[in-house]
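Heads up, the next two complexes both have subunit A, just with different partners, subunit B and then subunit C.
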Partner chain A sequence: MARARINNRIRRLRFDHGEMTQEELASRVGCTRQTIIALEQGKYVPSIELAFKMARAFGVTLEDVFQYEE
Partner chain B sequence: MSMSQKTAWIQLGIFGALVIAWLVLFIINGTIFYWQDNTFKMTFYWLCAAAFTALVAMNIVTGIMQNRRKEMADERDRAIFRRASLWATGVSYSAVAALLLVLAITYMNGGSETIPVYFPLFIVIIGGVVLLLTQAITALILYGRKVSHG
Partner chain C sequence: MSVKAYRLWMAAIVVIVAGLAGWAVTAGNAFIPAPAVIVGAAILYFCRRRIKVVIVDERIHRIGEQASRRTIEIAVIVMALVASTLLALGTDNRPELETVGVTLGYSVCAILLLYTILYNYFSRKFGGKE
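Showing the complex of A and B:
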């Protein structure tokens, strides 16, 4: 059975939002910069709460930030 | 580097210092095994106790600091800590069980019915050191791997 994958467009969205820094995004969503780095590298799958905060920080929908692939 | 990562590295550092101190003692005392020399034996026990106290104290201090300052640890740190704790608990329980089994077999084969009072205490200290050490190593491995929340 193939494993599901969750991709994200955080890096792209940061640049689309005036080259928002990782530190700035981290403080907006309430996590550490290390977690933003891990998310961008695809090394962390966040909680639904953090995912929503992320989408809200960029002013987009959840699926604009995270994509679920089977 | 997050606070949890720093804590894990410091824990490994303390363990490394303990191993070096133990090796130095071994070199000074020559090829005398700890159970053959009372001074060496006591020094080793004191080293184990000191390392264990340092590790426990550091965990308490960082735990309090992370609770007070929420920005020091987030959900990823907590997810990694949970997983590392699960692994560490399993490994330390296994280590304690294995040591108790070895102790029981040794004493039953030796025909002795009494165990020196410091043996169980020593096993508990080893169990504690193994717990904290496994937690630190597992946490550092997980920080470099893919982790998911929950």
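Showing the complex of A and C:
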């Protein structure tokens, strides 16, 4: 069975939004900066709640931030 | 309160509580450890509420969940193996080994019982039971 993977464009979106810092994004979505780092490195897959918060922080849809690949 | 200040407070409280508990045990005073731990935990709780930034989030919780599960798995297996070895070694001339083995065995059972109770509780809470 092929391994499913969730990619994200958080780093790209941060820079597209006035070079938002990881700290700033973390405080907007209510998580730690270490979590943002883990997300950007693809080491952690967020809960659906955090994913929605992230999308809203950037003003985009969920799939603009996270992409599901099989 | 900043995270740095909170961590300093935490370190200081842990040292004080551990020191008090250690002193109470050596002095044979059974009334100090429990209140010391409760007061220390209360102070830490109030310090934590005064922090503006997020220091614990879902990733930290998930790490804790994984670590707890692995700890239980490893501890229970090791304790069960040690308990059965001690029970096997415990003969008439080494009854203390048998006592330790029985205690360890009951401890394993107690941990597994608590795990089962909590597993069922959370399973119901998160809708896993029909």
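Definition applied: the second predicted complex is superposed on the first by the 70 of 70 C-alpha atoms of A that agree within 3 Å, B and C clash if a C-alpha of one lies under 4 Å from a C-alpha of the other, contacts with A are read in each partner's own complex, and residues count from 1 in each chain.
Throughout what follows, a residue touches a chain if its C-beta (ideal position, glycine included) is under 8 Å from a C-beta of that chain, and two chains touch if they have at least 3 such contacts.
Remember, predicted model here, so these are calculated numbers, not experimental data.
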item: Clash-or-fit label for the pair subunit B, subunit C on subunit A; value: clash
item: Subunit B versus subunit C as contact partner of A:Gly42, first or second or both or neither; value: first
item: Touching partner for A:Cys31 - first (subunit B), second (subunit C), both, neither; value: both
item: Which of subunit B and subunit C A:Leu50 touches, first, second, both or neither; value: both
item: First (subunit B), second (subunit C), both or neither touched by A:Gln67; value: neither
item: Subunit B versus subunit C as contact partner of A:Thr21, first or second or both or neither; value: neither
item: Shared subunit A contacts, counted only where both subunit B and subunit C touch the same residue; value: 30-32, 34-35, 38, 44, 46-47, 49-50
item: Subunit B - residues contacting subunit A, complex; value: 1-2, 5, 70-77, 144-150
item: Contact set on subunit A toward subunit C in their complex; value: 26-27, 30-32, 34-35, 38, 44, 46-47, 49-50
item: Contacting residues of subunit A [partner subunit B, same complex]; value: 30-32, 34-35, 38, 42-47, 49-50
item: Residue numbers on subunit C that touch subunit A, as the complex places them; value: 53-60, 62
